[in-house]
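Chains: A, B, C and D, in written order; residue numbering restarts at 1 for each.
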Amino acid sequence: MIRFTHVSKTFPNGTGALRDLSFHIPRGQFVFLTGHSGAGKSTILSLLYAHDRPSSGEVKISGYTVGALRASEVPKLRRRLGVIFQDFRLLEHRTAEENVAFALEVTGARRDTISPRTMRALTRVGLAGKARAYPKELSGGEQQRVAIARAIVNDPPIVLADEPTGNLDERARNGVFQLLKDIHAGGTVVIMATHDMDLVRDTPYRIVELREGELVYDSAVDEADDTP
Amino acid sequence: MIRFTHVSKTFPNGTGALRDLSFHIPRGQFVFLTGHSGAGKSTILSLLYAHDRPSSGEVKISGYTVGALRASEVPKLRRRLGVIFQDFRLLEHRTAEENVAFALEVTGARRDTISPRTMRALTRVGLAGKARAYPKELSGGEQQRVAIARAIVNDPPIVLADEPTGNLDERARNGVFQLLKDIHAGGTVVIMATHDMDLVRDTPYRIVELREGELVYDSAVDEADDTP
Amino acid sequence: MRLTWREVWHSFWRTPLLSSLSIIMIAFSLYSVGLFGLVATNFRHTLSDLAERVEVVAFMLRGTPIETITLASEDIEAFPEVLSVNYVSEDEALARARVELVEFREAYEDLATNPLPASLEIRLRPQFRNAAQARTVAERLRAFGFVDDVRFGQDWVERLDRIRNLAGIVGLVIGAAFGLVAIVIIGVTIRMTVLHRAREISIMRLVGATNAFVRRPFLIEGTLRGVLGGALALGMSFASYRLFASGMGLSGESFVFFTPSQAGLIVGFGLLLGLIGSLISVGRHLRHV
Amino acid sequence: MRLTWREVWHSFWRTPLLSSLSIIMIAFSLYSVGLFGLVATNFRHTLSDLAERVEVVAFMLRGTPIETITLASEDIEAFPEVLSVNYVSEDEALARARVELVEFREAYEDLATNPLPASLEIRLRPQFRNAAQARTVAERLRAFGFVDDVRFGQDWVERLDRIRNLAGIVGLVIGAAFGLVAIVIIGVTIRMTVLHRAREISIMRLVGATNAFVRRPFLIEGTLRGVLGGALALGMSFASYRLFASGMGLSGESFVFFTPSQAGLIVGFGLLLGLIGSLISVGRHLRHV
């Protein structure tokens, strides 16, 4: 499903964000991406949704090779992903409902299905009551949940979540995490960048840890090593 | 220093964010503002830095009454505050260093002191190495730390921090918390809105908890009640 | 499609200020073009008034019998270039000279014999009113036996030709300059709108919108603004025209407004400008978002 | 202060596109005004050429002795309104008539006696070339005993007066219209810049910047843009002038450019427009941020 092969990323200003990174995420996995601030978590995700291209190495996702993507293929790839951005990236001039509906409209979904699917997604994140509010009328956590609803509204096969619980209180955080777990249970690959050690500790899911752009720990590999 | 007297806040779209809130924060306190997402934490802070005005009741801060503030007094009040916004609010077209320096320049600080003070603030948040980077070249946590550096650079008597650790890993979070504790130790009032229960549990500091815009717990009051 | 229209509608009403301002700017630039067009049209109109005066005069030998002249007049009237032929007798010529040439009035009053010859004044059809055609007719007139001399105010006709050419060139140059200004303004307006919405566009693309999807509402919006701007420009031109005409006391005959097809052209020009401007600036900008 | 300049410099170079586009727009609008100014100036110039021809002609009684005329000429030359006096004898008048009035050439050739009177042609000083002054001089001339009649082409003089007034009014109206367009465009440009930086402005104010602090760089920037735009407009006007002059083969005397003070006025106008535009739009917008 997703494969990084000796991937490095150096930004134009000289910052080396990723160094010689290789890993594979098969169909149906739930992966935590951890590491200190600036370790390269968001950079990995931005390669996956083809916002950036690797400086060297190869990034493959759902059959596409990110470095060699033609302009017309970028939207196709993105429609197969649900992305929760660290800074939300909501359209300021649209209500919560319109922001979520937009992700469906873009894919050319049937008009009569758009409204019910949008409301279902908002309900799942506990925001049905704020459907008509504009982003600036929402609290930080409410904006984050709109972003989550938008990412999951068209049932994508892969969900990329960048710090989806940073602005949430304990209860909302558990709700969102449960939501991602449910989605994963339906067969979706979920990659979640997070600092939240409470979530990561004792998790049955795979953990990938970065430090200064290098992979320093991968529970899948290390557990495999541990078994005799 | 800060006093809320029967404060309510209803937004133009009808959302009642705060209801009949009264509390007092004397000089030199460290206060945690907690509560679920949408409880009204950011709204309290936005009243304090005079972005919003109370719908009813009175908000007093360092001698100013927010509801009755003349336009020319708003900048004066804001210069006495260091605010860390939940969404950072960095100037996109300026480097980290320029963003921090700006808060000093605005107050008319002596030119030759600006550069060293700016660098000292960036060093305190562990970002001296990213001084020349623009916000979009910084990771989420790095942006948050620039926002923190900007808030503390002119040693304000009051620091308002809205979720200042939401995007930080455990180590950076502890660093920032330690920083706020140090600042508080120097006599500064710190009001910190947070969801981070790890920080709040067993803290020696005052905790104010909101639910649906109402004050449901205040450790200062409740402890006073507990003592016989 | 319905979505696109909603998009256009929304984007208009979410930035009503920006949207109306850009329409006003388009209107102003097309108004400039329109004003110039009006001046040009009416200048041409005035010129054709002048051109009507282009005539060829054949002076006759003294004593030509009136029958010969009548016959010849009919021949000449049959020339394809000729609109009308007017016979001026010797007496009429003297009477006219007394009226028109004030300086010589007294001189003529003293005269015993009339020194002025009779003449035929020949007016040309509109399409033949230029130096070359007047010369051709003059040559043909010289062939008549009773014709002493032919004049057709060669200088005057040639000068008129030159003014006409110059007016055409100046009109084209200034018109083109203003058109360029209009295109630049429209391009800038839309470019600013795109800049203003750069964040929004980048988010749309991150969510999976194709370039065509992102571009479409901009193109429609640009086109609509162009049309609205053109219509507004037309309205302002008309108001100016009425104001000027009534202020100057000019009648609708000597001072004309655009024909319906010219009016349509202005609006169509607005549409085209809006479309081209948005195509260029959206296309260029999208590459950078 | 230094900070403000850095601010201006930064904001220019961080949006080089927007900044240069707005300068170009200001330039284009002032260029429109400039072009019209050039046309107006040169129209006035041409008119004053025409006005030079305003002269008063005094026809003399037959047989006036030449000494009387010479003496009178000197008297008349001493009139404050008079530039020069030219004596045209009877013979000269006939010779001229033969040349100028082609239609009557033959008629005059046949004449035994010269029917034309001698005359004095009096040209007026530039500032007195209008209908009222010409009439005054004419009245005074009539007082001379040997003067038979005085003509000063009253119609022609009055028509010239009317054209001059009309040209002045049209010039003012069109100039004002273009000036308005320029102000609108500048206002819009700056308003768009402010909109474009609304987020930045609101952040500055949240950090404690005063209104004056936020406003200052915009005002300086607007003023600078106005000046640059004005200078550019001046350059474009000059280029157009040279192109047109050389293309039409017109000399520098009959077709003039702006005087240095007029050129300064255009740049100063740009400055003023930039300042006013930014004052209005920044002031208005800041209230809403």
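Quick note on the criterion: a contact is a pair of C-beta atoms (placed from the backbone, for glycine too) under 8 Å apart; a residue touches a chain by one contact, two chains touch by 3 or more.
Everything quoted here is computed from the prediction, not taken from an experiment.
Q: What's the overlap between the neighbours of chain A and those of chain B?
A: Joint contacts: the list comes back empty.
Q: How many steps does it take, at the fewest, to get from chain B to chain C if each step moves to a chain that touches the one before?
A: Minimal hop count between chain B and chain C: 2.
Q: Report the chain whose mean Cα position is at the greatest distance from that of chain D.
A: In terms of C-alpha centroids, the chain at the greatest distance from chain D is A.
Q: When the C-alpha atoms of chain B and chain D are each averaged to a single point, how far apart are the two points in Å?
A: 63
Q: Would you kindly tell me how far, in whole Å, the mean C-alpha position of chain D lies from that of chain C?
A: 24
Q: With chain centres taken as the means of their Cα atoms, state the distance from chain A to chain D in Å.
A: Each chain reduced to its C-alpha mean, chain A and chain D end up 68 Å apart.
Q: Multi-chain contacts only, two chains or more: what residues does chain A have there?
A: Residues of chain A never touch two or more of the other chains.
Q: Contact residues on chain B for chain D in the complex?
A: 49, 51, 71-72, 74-76, 78-79, 81, 83, 85, 89-94, 102-103, 105-107, 111, 150
Q: Within their complex, state which residues of chain A touch chain B.
A: Result: residues 11, 13, 15, 34-39, 41-42, 86-87, 133, 137-142, 144-145, 162-163, 166-173, 195, 197-198 of chain A touch chain B.
Q: Please output the residues of chain D touching chain B within their complex, sorted ascending.
A: Of all residues in chain D, those touching chain B are 2-3, 10-11, 14, 199-200, 203-211, 213.
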